[in-house]
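The two complexes that follow have chain A in common; it is paired with chain B in the first and with chain C in the second.
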Partner chain A sequence: MGVLHSEIPSGVGSKGKIRLSPQDERRLLTSGARWAVENGYGEASDLERIESGGYIEGADPELISQKAYERGRAQQGTLGSGNHFLEIQYVDEIYDEKAAQALGLFRDQMTVMIHTGSRGFGHQVCTDFLEVMERAVSKYGIELPDKELACAPFNSPEARDYLAAMRAAANYAWANRQCIMHWAREAFLRVFAATPKDLGMGLIYDVAHNIAKVEDHIVDGKNMKLIVHRKGATRAFPPGHPELPAAYGKTGQPVLIPGDMGRASFVLIGTEKAMQETFGSTCHGAGRMMSRHQAIRRAKGRAIWREMEDKGIIVRSAGRETLAEEMPEAYKDITNVVDVVHNAGISRKVARLRPMGVIKG
Partner chain B sequence: MGIEKLRRIDGTRMEVPVDYKAGMRVRGIIYVDEVLDDALENQSVEQVANVATLPGIVRASLAMPDIHTGYGFAIGGVAAFDIKEGIISPGGVGYDIN
Partner chain C sequence: MKTFETIDISGDAGINAYGETVEDVFVNAAIGMYSLITDLNGIKEMKEVQVKAESHSLEGLIVSWLNELVFLFDAFGFVGKRIIIKTFGDYRITAVVRGEDFDPDRHERRLLIKAATYHQLSIAEEKGLWTARVIFDI
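Up next is the complex of A and B:
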C-alpha cells in the first residue's frame, strides 16, 4: 500500500509526474489511452478492453480554454480527491461462473480497481460550456424549468463545440486511468519481485460513467441516432453488440460498479434488456445518501481510518476530510443498488469484490 | 408535486407520470425497489421530471437506483435525444467528465 500510495499521486489538486509538451497534450486529447500506450504506459492489448478502444474520435484541442489547459497540465496521471480511489480487492463471491471465466475472474483472486476521471481539466470544460449554453438557451429560445439544464440544439455550433471539447476531456480521463493502471502494475511487480506474466495483471475493462455519446438505438421499432447522456450511469451493452471486443462478444460488456470503501464493489455484464429499456445503461455506484457536509459533521471525533482498519481494510489518504466525506455510511448500500439493476434485468451480477486496501485522495 | 405522485410500475421501477409537471414530453422511469425508494429525494425526482421536458427526448427520462441530486440532471440519470430535433447539455454529463 505504501508503494502504491507513493507511486500514484493523489489528493486535492495533486500534481503528477508526467510533463506534457504542447504536441503531447494535443495527441493525448485526441487519442486518449492510445497516447498513454504509445508513451510506454501499459500494453497495446489493454486498449481493446477499454470502452471505445480508449479514445473517442472528434475531440478538438482548439476548443479548450487556456484555463482548462492550465488546470489539466500537471494533473495527468493523478487520482485526485473526492470519491476517486484506487482499491486492492479480492473476489469473494461469483454469481455467474461462465461469465466470470470469460472475464478472467475467480474466487479469492486479487483485483485492483481504479476510479478517477478527467480531473480539473474536465471540470473546467464543463464550467466553460455551461456559460456557452446559457447564452445558447436565449439565442435559440429554449424554455427550461431550471436554468441548470442549459443546452443547445444538437445541430448548432454551440453543441458541436461542446461535444468536441467534452470528447477531449473524455480522452484525458482514459489516458489518466491508463497511466495510473501502469504505475499500479509496476508497484506490484516491484513489491512481489515478479514478472508481468507471473502476476497476470491484465485489464478486465475500463468504462466511462459521465459522458454523452452518439449511438444507434431502436426506438418503437425504428433505427435512430441518439445523443445518449449518461451521468453517473454506466454503459451496459449486451452480448453480440458490435462495439464489444472479441473476448467479450459472447458474454456482454463488463460493467464495473464501485461501492463505498468499506463494503463491496461489483462486476456485472450488460444485457439485451438494457438495450430495450435504458439505451444500454445501468447504475454506476452506490450513490450518496449524505451530503459531503453532513458526512464531515457525522465523522467528528471519529477516526474513520481506524474504523476501517478494524474491519481489516488499510486506508491511505492525503486528507482527513476526504475520509469523512467518503465514509461508508454516507452511501447507499451497494448491494441494494446492484440488486435492483440485476432484478430489473438491465445488467447481470458476475462477481463481488471486497476491499482490502484503499488509496483515497 | 411530490414523491406521492409517483406510481410503482413493478418491483424494480417507479414511474414519474407525464402529468407530474407541465411540459413533460415523456414519462420518467426510476429504477428503484421498495428497499431503496425511501432514500429517493424530492429534488432528484424533480430533476428526472425536468429532463423529460427537454426538446427531442426519446422514450423516457431514466434514472438508476443510485440516483441523487446533481447539477440540473440527477446523478444516476440517463437521457437520450434524437440528434435531429434534440439537444445536448453539459449538465447531463456533469463536471467529472468520463
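Up next is the complex of A and C:
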C-alpha cells in the first residue's frame, strides 16, 4: 500500500508526474488510453477491454481553452480527491460462474479497482461551456425551470462544440485511468518481484460513467438515435450489443459498481432488460446516506483508519476529512443497492469484491 | 459580524457569505471557499495575483469570480488569504489576491473544490446586509 500510495499522486494539491509537449497534449485528447499505451503506459491488449477501445471519436483539441489546458497539465496521472479511490480487493463470492469465467474472475482472486476521471480538466471544460450555453439559451429562446440547467439544440454550433470538447475530456479521463493502472501494475511487479506474466494483472473493463453518448435505442418500437447522458449511472449493455468488445460479445458488458471502502464492491453484467427499460443503464454506486458534514461530525474523536485496520483494511489517505466523509456508514449498504438492480433485471450479479487496501485522495 | 458559514448539503459543500456591501460579500465568499480547501491560518501572504472576472448578472459574476479562484488553485496551487477589490461594477470585478502556493507537506488538505455552481445560488441584499449562498462541486 505504501508503494502504491507513493507511486500514484492523490489528494488536494497533488501534482502529476507526466509532462507533455503541446503536440502530446493534443494527441492525448484525441486518442485517450490509446495515447497512453503508445507512450508506454500499459499493454495494447488493455485497449480491447476499454469502452470503445479507450477513446471516443470526435474530440477537438482546438475547442479547449487555455485554462483547461493549464488545469489539465498538472493533473494528468493523478487520482484526485473526494470519492475517487484506488482499492485492492479480493473476490469473496461468485454469483454467476460462467460470466465470472468469461471476465476472468474467480474466488479468492485479487483485484484492483480504480475510480477517477477527467479531474480539473473536465471541470474547466464544463465551466467554460456554461457561459456558451447560457448565451445559447437566450439565443434560441429556450425557457428553463432552473438556473442550474443549461442547454442548446443538438444540431447547433454551440452543442457541436460542446460535444467535441466533452469528448476531449472523456479521452483525458481514459488516459488518466490507463496511466494510474500502469503504475499500479508496476507497484505490484516491484513488491512481489514477479514478471507481468506471473502476476497476470489483466484489465477487466474500463468505462466512463459521467458522459453523454450518441446511441441507438428502440423507442415505441422505432429505432432512434438518442443522446444518452449517464450521471450517477453507468452503462450496462447486453450480450450481443455491437459496441461490446469481442471478449465480452457473448457475455454482456462488465458493470463495475463500487461500494464504500469498508464493505464491498460488485461486478455485474449488462442485460437486454436494461436496453428495454433504462436505455442500457444501471446504478453506478451505493449513494450517500449522510451529508459530508454529518459524516465529519459522526467521525469526531474516532480514528477511522484504525477502525478500518481492525477490519483488516489498510487505508492511506491524504486528508483527514476525506476519510471521515468517506467512512462506510456515510453510504447506503451497497449489497442492498446491487440487489435492487439485480432483481429489477437491469444488470446481473457476477461477483462480490471485498476491500483489503484503500487509497483515498 | 459573521463573514461566512459552511452549509450542510448532501454530497456537496456550500457556504453562506455575508457583508455590508456587495464587494464585502464577494470577498467573504472567496475567503469562505478557501477555508473549505485548507486552514487559512497556515497560509501566508507571500505573493500577489491579479484576478478579473465578468458576467452579465450578479449571480453569474459571483460564480465566475469564484471559478477564477478555483482555476488559480487547481492549475497553479495558489491559495488566497487576503483579497482587495480594485474595481467593481457593470458585472465586472478586478481584484488583487494575496496568499501563497499550496504545499501538501505544510498545509492542511481539506476539500478539492472543482467548481462553484448555479445550484441553489442566491445573492441579495436585505436591510443593509448582503448574503450570498454558493454550492460547490467537490
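The rule is short, and it goes like this: the second predicted complex is superposed on the first by the 360 of 361 C-alpha atoms of A that agree within 3 Å, B and C clash if a C-alpha of one lies under 4 Å from a C-alpha of the other, contacts with A are read in each partner's own complex, and residues count from 1 in each chain.
The rule we apply is simple: a residue touches a chain if its C-beta (ideal position, glycine included) is under 8 Å from a C-beta of that chain, and two chains touch if they have at least 3 such contacts.
Since the structure is predicted, the reported quantities are computational estimates derived from the model, not experimental observations.
Chemist: Using the superposition on chain A, decide if chain B and chain C clash or fit.
Modeler: fit
Chemist: Applying the document's definition of touch, where does A:300 land relative to chain B and chain C: first, second, both, or neither?
Modeler: neither
Chemist: Give one of first, second, both or neither to describe whether A:148 is in contact with chain B, with chain C, with both, or with none.
Modeler: both
Chemist: Report for A:123: first if it touches chain B alone, second if chain C alone, otherwise both or neither.
Modeler: Both partners, chain B and chain C.
Chemist: Is A:361 touching the first partner chain B, the second partner chain C, both, or neither of them?
Modeler: second
Chemist: Is the number of chain A residues in contact higher for chain B or for chain C?
Modeler: Between chain B and chain C, the winner on chain A residue contacts is B.
Chemist: For A:19, using the defined touch cut-off, is the partner it touches chain B, chain C, both, or neither? Pick first, second, both or neither.
Modeler: neither
Chemist: Is A:227 touching anything from chain B or chain C once the two structures are fitted on A? First, second, both or neither.
Modeler: First partner only, chain B.
Chemist: Thinking of the overlay built on chain A, is A:332 touched by chain B (first), by chain C (second), by both, or by neither?
Modeler: After superposing on A, A:332 lies in contact with chain B but is clear of chain C.
Chemist: Can A:71 be said to touch chain B (first), chain C (second), both, or neither?
Modeler: Second partner only, chain C.
Chemist: Contact-wise, after the overlay, does A:134 reach chain B, chain C, both or neither (first, second, both, neither)?
Modeler: The second partner, chain C, only.
Chemist: In whole Å, what is the nearest CA distance you get between chain B and chain C after the fit?
Modeler: Comparing every C-alpha of chain B with every C-alpha of chain C, the smallest gap is 6 Å.
Chemist: Overlap the chain B and chain C contact sets on chain A and report the shared residues.
Modeler: 123, 126-127, 130, 148, 288
Chemist: Given the complex with chain A, which residues does chain C contribute to the contact?
Modeler: It is residues 6, 8-13, 37-38, 55, 59-60, 64, 67, 71, 74-77, 102-104, 107-112, 114-115, 117-121, 137-138 of chain C that touch chain A.
Chemist: Where on chain B does chain A make contact in their complex?
Modeler: On the chain B side, the touching residues are 11-13, 21, 23, 29, 31-33, 35-36, 39, 47, 49-51, 53-56, 58-59, 62, 64-68, 70-98.
Chemist: Within their complex, state which residues of chain A touch chain B.
Modeler: Going by the criterion above, the answer is residues 117-118, 122-123, 125-127, 129-130, 133, 142-146, 148-155, 159, 162-163, 166, 169-170, 172-174, 208-212, 214-215, 217, 219, 224-233, 277-279, 281-289, 332, 336-337, 339-341, 343-344, 346.
Chemist: Which residues, counting only chain A, touch chain C once they are in their complex?
Modeler: 11-15, 67, 70-71, 73-75, 80-82, 120, 123-124, 126-127, 130-131, 134, 147-148, 288, 290-294, 318-319, 321-322, 361
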